[in-house]
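Shared chain: subunit A. Partners: subunit B in the first complex, subunit C in the second.
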Partner chain A sequence: MTKLLGPAFAALALATPALAAEVTTGRLANGMEVVVIEDRRAPVVVHMVWYRTGSADEPPRVSGVAHLLEHLLFKATDDMEAGELSRVVAENGGTDNAFTSYDYTAYFQRVAADRLPLMMTMEADRMNDLALTPEDVETERQVVLEERASRTDSEPGALAREQMRAALFLNSRYGMPVIGWREEIEALSMPDVLAFYETFYSPNNATLVVAGDVDPEEVMRLAEETYGAIPAEPGLPERVRPQEPPQIAERRVLFDDPRVSQPYVLRSYVVPERDRGDQGAAAALAVLGEVLGGSSFTSVLARDLTFEADVALFTGAGYDGTSVDDATFSLSVVPRPGVTLAEAEAALDASLDRFLRDGVDPGQLDRIKAQLRASEVYALDSVEGLANRYGAALSVGLEVADVEAWPGLLQAVTAEDLLEAARRLDRDASVTMWVAASREGLQ
Partner chain B sequence: MTKLLGPAFAALALATPALAAEVTTGRLANGMEVVVIEDRRAPVVVHMVWYRTGSADEPPRVSGVAHLLEHLLFKATDDMEAGELSRVVAENGGTDNAFTSYDYTAYFQRVAADRLPLMMTMEADRMNDLALTPEDVETERQVVLEERASRTDSEPGALAREQMRAALFLNSRYGMPVIGWREEIEALSMPDVLAFYETFYSPNNATLVVAGDVDPEEVMRLAEETYGAIPAEPGLPERVRPQEPPQIAERRVLFDDPRVSQPYVLRSYVVPERDRGDQGAAAALAVLGEVLGGSSFTSVLARDLTFEADVALFTGAGYDGTSVDDATFSLSVVPRPGVTLAEAEAALDASLDRFLRDGVDPGQLDRIKAQLRASEVYALDSVEGLANRYGAALSVGLEVADVEAWPGLLQAVTAEDLLEAARRLDRDASVTMWVAASREGLQ
Partner chain C sequence: MRFVLVAALLAPAILPVAAQAAVDIQEVTSPGGIRAWLVTEPSIPFTALEIRVRGGANLDREGRRGSVNLMMALLEEGSGGLDARAFQERREALGANFGFDAWDDAVSVSATLLSENRDEAVALLRQALVEPRFDEDAVERVRGQVLSIIAQNAQDPSEIASDAFMAEAFPDHPYGTSLNGTAESVAALTREDVVQAHRDAFARSRVYVGAVGDITAEELGRLLDELFAGLPEDGPPLPPKVEPAFDGGTAVIPFPTPQSVAIFGQRGLDRDDPDYFAAMILDNVLGGGGFESRLMDEVRERRGLTYGIGTSLVPRDYAALWMGSVASSNDTVAEAVALTRDIWADMAENGITQAELDAAKTYLTGEYPLRFDGNAEIASILVGMQMIGLPPSYVLDRNGYVEAVTLEDANRVARELMDPEALRFTVVGEPEGLEAAPEAPAP
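== the complex of A and B ==
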């Protein structure tokens, strides 16, 4: 990504043809990154601000503060009443929302293209001028606790994954839940929230992504008028987080909860993430996920555990490498009734062994690459999906060039690359979890 | 403990008859706690300063900084050359050392009683006037890396326990090794060390323990002259650390390393620690450790796994509840040759089940209590041991009254208390580790 620190028009950088959409990048004088994805097919615009801060940037003892702050961004500012932003968006026929992840927090609106200036004015307002009260914090903390109750505490699968991640990461804060541990959410205070807001909600820690029926030069001009008026945060800390020590012992988690309706085996390995200019290993892992357990009925695990043997109702594999630090590669097996978890896991391991011996069928690899190409073409039809892709990538330290290189890297993965990626799935850097309704089911 | 904030002589508090030694407590005007254990049997003194700061007080990313700083306390101050303190102690016929744990860092000398003023002068000097250089940090970091290489990286048992603790604690920094993760030790910098020193090495964060042939009033007078001249640290943070979320899934760790000479099973549960004025549950756990796996050949595990069955070469159990946050209760079994780890663990669980059904034999409980009384009497003969006991307890938030109540609480534990403590050992709050020389041995 071109980094220019001059005034807005000078910051307007080269237009790079990404996928099929036109992507233009720039940077405001205060350091805010700008990505414009020009797509004139409909008179709408998606407007997003991505902060390069998520739950993994939280200090100790305040898990959940990033997500609580996301809720509080909908409260009053010096210029807006509580709820006003969402009300105005709705009155203008748009939708808005926000989300928090380990590595970023993002706010977005989708509206008619001519409402973009209004969106930018309101979003810039809450970047700098949130007017929180202790009552706001108290109220939203209760909302978040309800959210945790319904999405995590009432969902044995979510509870199980939470315990599993905590056992998977030995040092990284990726082991903490994004929503926060209940006891820590309950203790979150106004000063905790303000410290987080004042440090991280700054233009030099944010990426503006505007996608749709817009003119890039006009977007840059509007961005300088709105976000450009906010001073950079001089005390923004370098983004250096606890790293994993060598993982040298396989871990297992045995989770039983009477609410579990269907037992299953889930294994996660710690694996490399996508790195700027160095995405080859990640691309191989992404394709390996498709080959082993993708949606295709001809995936390796489905073939071995469902069609050739009568072991599994469902098998899955997946990798998401868009992260700042180490990523995870996961495998799952839901056994058929009468098959124990031990038998299901043994069948999973036998399938992995067979893959390491026989490799990938060339025809299958071709089919999967064709599917990946098709999904790329399909992705171009979603201006919101494209905006998400750039926003997430830039929030974890990737550049536009990495986003644009990714589809080609997936196509370039060879059968040998897949074997090498599979060989590197290290049991000593993994957790295998068994989930069942009772201790007796954990067999 | 009596807390008086007046001048030194006013701070001299009630003399409480602890065990058999005379224990006097007080507090300097700057907040430093003082414990004097008068024991006139030999003309020696043990002089200790305990900082209420250990590895669990470290911020993220700098694991090992508490321990590295302990090493650096032996470097130059404004008044002493590097190594001078230890050299002076040796020239006066004494010994000195230091140690770092999760909850405290302590420095001590044992010398002829008339050398106490010199010890206090030197120890007070390095509390406030350490004159570190970047070269000191670099040199000692290399020393610590060597220490880690020899004590941890070369010791499969130490590596295994390190991985196990990281899986046992989901949020608490008790999951991090005291010596630090190698990659984080390598990155420790002069500013990391100084920030830790300047915040935590302060009289209002320390306990002075003086034990031996001393007069309490004279110790208080000397303490005001030396330590009393150091200002309190106004920015000392409240000691509130990440707490464990509910632990709701049993974990297992499978550790293989070709250097393991003897396979074994080790299980640790997260259990309550000793709390000020509330040590009953901890006392029951301490006695339970003795009953299940103490040194007695008639412990429950030894009876079941070694004498009645031919399963184990060794069994053990243990609890150390002297900690700020949650403590651990551990069980171990070393199987006889030819017995698998699975068989050893099954025998361990069967023995626990039998204990929960049958409880403790009254004769055995009497014998164990008699042993505990004997070990108390024996402990009185070690002035250093007594000093450690008070120093550690006061460093984790206990008071002198708690230390003095502890032996009586152990004697008061009933057979029913033991059953209740055993029932509360929650597999969902535990890690069971198998250690062997190879994956094949992990069966």
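== the complex of A and C ==
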């Protein structure tokens, strides 16, 4: 049986406190990567295909084409009618959906484990045989414009973040919204969509993740039968993107919208992402996010701005290093009524200065590591969460070994690593945004 | 994301419980007489605990709207000898997670506890439930946070719409107002009100428990006695049943936004009504079934008028609704509303087809076991079942109830229950071509 498993088949057990899930990897002859996460607790499977292409891979002028194409993948193929895939999934008691990010586009179904072959047949069909009509593009563009209206134009916070990212990235496509600028969505055409589809929807640009009550050898055999029949795309371009130049200026965004009920300050910095075999800096930044803003009670910002001073209602920090290019580190402060945005920002800077001076409280670092260890135990309870973890990582150029090393790297972060990470938060290369209901509120 | 299920926004505190799945439910009674349902699942070393106490925000005292909500938000803010930050530090060191929430019909406590230190984590949770401090500084801090949320909701079209809709439907019942309270009522709450709310909302005789994970029946029994010792046996009277008032028509609430949000609904069915399963099938065909529903197909897929439209049955403890929502640009929302009315009226008059009935059954019966996909998810299902008086065997029998619905049943219920004349719309935005109906002006 082994020879059916493909040339680069390998089985390896998770290094985490893995008790329920075992991870197996392989590669089809046409280049498609395969990850199988075995969890036999329930007769359910999650089937996902991740394309290593997202909005940051779009050419200029067509922002939103990756996301519009994601919608259109639910239309007709040469073998299926429009909507048939979702209908068949539903008729089999399953659920399906898809999502687009800066770095990847993923399609997934959750269904009873014995329906996996049907899911793979349908997903493989739409990888290569989409049969779009101009009417499909027309109608779905309207749906996307309504989606943008719901999720961005009706949400002042989302509009503000969009402006913020555009200011933060000088050259990277990470500055463009995933859903696209409204004017460019309106102009998206069938040729734009098809060019994107024909280039990027190929087995050598995809990762198959199957998680749940399955046998890895059987999954590999099914994958060869379905996805294995699709030829690799010889013209798949190398993933070379515009890179950020050194940032040498502090930038500010002032955003006012009468729908804003609660003013706030948001600060973002461009920082390193997780890289293959080189995740140390990212691990330190991830732990730093927890130290500075991971808890509304015990984090550095909460201590300084909420408990020791009466400045903030909420504070936060965030870093997600799972990206192809540079990542962002963000800090936020929602001031109490009566506290100005200038005062809130000054308190934020003073708190960062204090952290650089005093370093991390060893007790806090221990507690954060205890929580991270616990979260690895809890993570085993969600096979879908594990599937997402592997799918996202492999789609940004990481390998299974990097995913497995990550929890250990978080545990290994030292107080000195945290100071070094904090020194990367250089105000002279940052963007600070003030958000309020009116220009007066921004004074 | 291609589609966010709009109906989920309308879901009540109670799960839409329904059937079949391989879980072995034990009914446990502690030495002290507390009853619980348990699924022992030892493969991952943690336990998920879901506790609900019937009553919830319905028990707010006269003129004290928001007191139960504020009280629940304060349970993580210090208890026993620990102030807010000391309490959180202790919890973090144990790697435990506690969630405290207020709902209309219940308060809930959700916990995940590692096996390695479960006794210590339970002792800490007991302290939060039985010995909360409600320190004055914590009350002020959380009051500020709640007021900020109330201000935010006042600027959110979906919140404005659902608040107005519920106010019309329930003029003389707690369901008619938000459990957050108003800026005025929350500003006036005292520490004594919070203490009273705690005494009212945590009655031992109203406790329901689901536990799933690495724990035996004996261990759970001891845990329950420890957890609830010291809580009052009984609470104040629960509210009466109420018939929602709907007289059709459309209310328009002007709000400056590019996209209008509509909430719509009519009377529903109680969860123990013999026709409930027929109504569940009707709802699935109408708008509860994702892309395959009539509303999604017509309003989104064919016309591109929205990113999402959905419906759901909302059987609360004291009233039953059938609700839906849709968002559409100001210049198209009138068309979306008109289509929804037509589809509603058509189903009332002509019912559904055999093919639709069959597809809905396949979906509903197939989807049910997929819900049992994690310890916390299963614990939550177990509690929901107990609160509506279902036996453990329901898990196995439920799909049989769905299968037993005939086309005649479904279409009789469509005729009897669906009332297009009473279907009420509340629209927030700047809709074009939508007039507020004279018989029921906007509030």
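What we mean here is this: the second predicted complex is superposed on the first by the 422 of 443 C-alpha atoms of A that agree within 3 Å, B and C clash if a C-alpha of one lies under 4 Å from a C-alpha of the other, contacts with A are read in each partner's own complex, and residues count from 1 in each chain.
Operating definition for what follows: a contact is a pair of C-beta atoms (placed from the backbone, for glycine too) under 8 Å apart; a residue touches a chain by one contact, two chains touch by 3 or more.
Computed from a predicted structure; not experimentally measured.
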Check: What is the contact status of A:Ala249 with respect to subunit B (first) and subunit C (second): first, second, both, or neither?
Finding: first
Checklist line | Which superposed partner A:Ser295 touches (first subunit B, second subunit C, both, neither) | finding: second
Next item on the list: May I ask you to decide whether A:Val143 touches subunit B, subunit C, both, or neither, giving the answer as first, second, both or neither?
Entry: second
Note to self: Comparing subunit B against subunit C, which has contacts with more of the residues in subunit A?
What the structure shows: C
Next item on the list: Please work out whether A:Leu313 is in contact with subunit B alone, subunit C alone, both, or neither, and reply first, second, both or neither.
Entry: second
Next item on the list: Name the contact category of A:Tyr378: first (subunit B only), second (subunit C only), both, or neither.
Entry: second
Item checked: Intersection of subunit A interface sets (partners subunit B, subunit C) -> none
Checklist line | subunit A contact footprint on subunit C (complex, rising order) | finding: 1-3, 21-22, 41, 43-46, 48, 84-85, 87-89, 92-97, 112, 114, 141, 144-145, 148, 151-152, 154-155, 157, 256-259, 261, 289-292, 297, 300-308, 327-329, 359, 362-370, 372-376
Check: Which part of subunit A faces subunit C closely enough to touch in the complex?
Finding: 17, 19-20, 41-44, 70-71, 74, 82-83, 86-87, 90-95, 97-100, 110-112, 138-147, 149-151, 153-154, 258-262, 295, 297-298, 303, 306-307, 313-314, 334, 336-337, 363, 366-368, 370-371, 373-375, 377-378, 380-384
Check: Can you list the residues on subunit B that touch subunit A in the complex?
Finding: 59-61, 63, 159-160, 163-164, 166-167, 170-171, 173, 175-176, 181-184, 240-243, 245-255, 257, 433
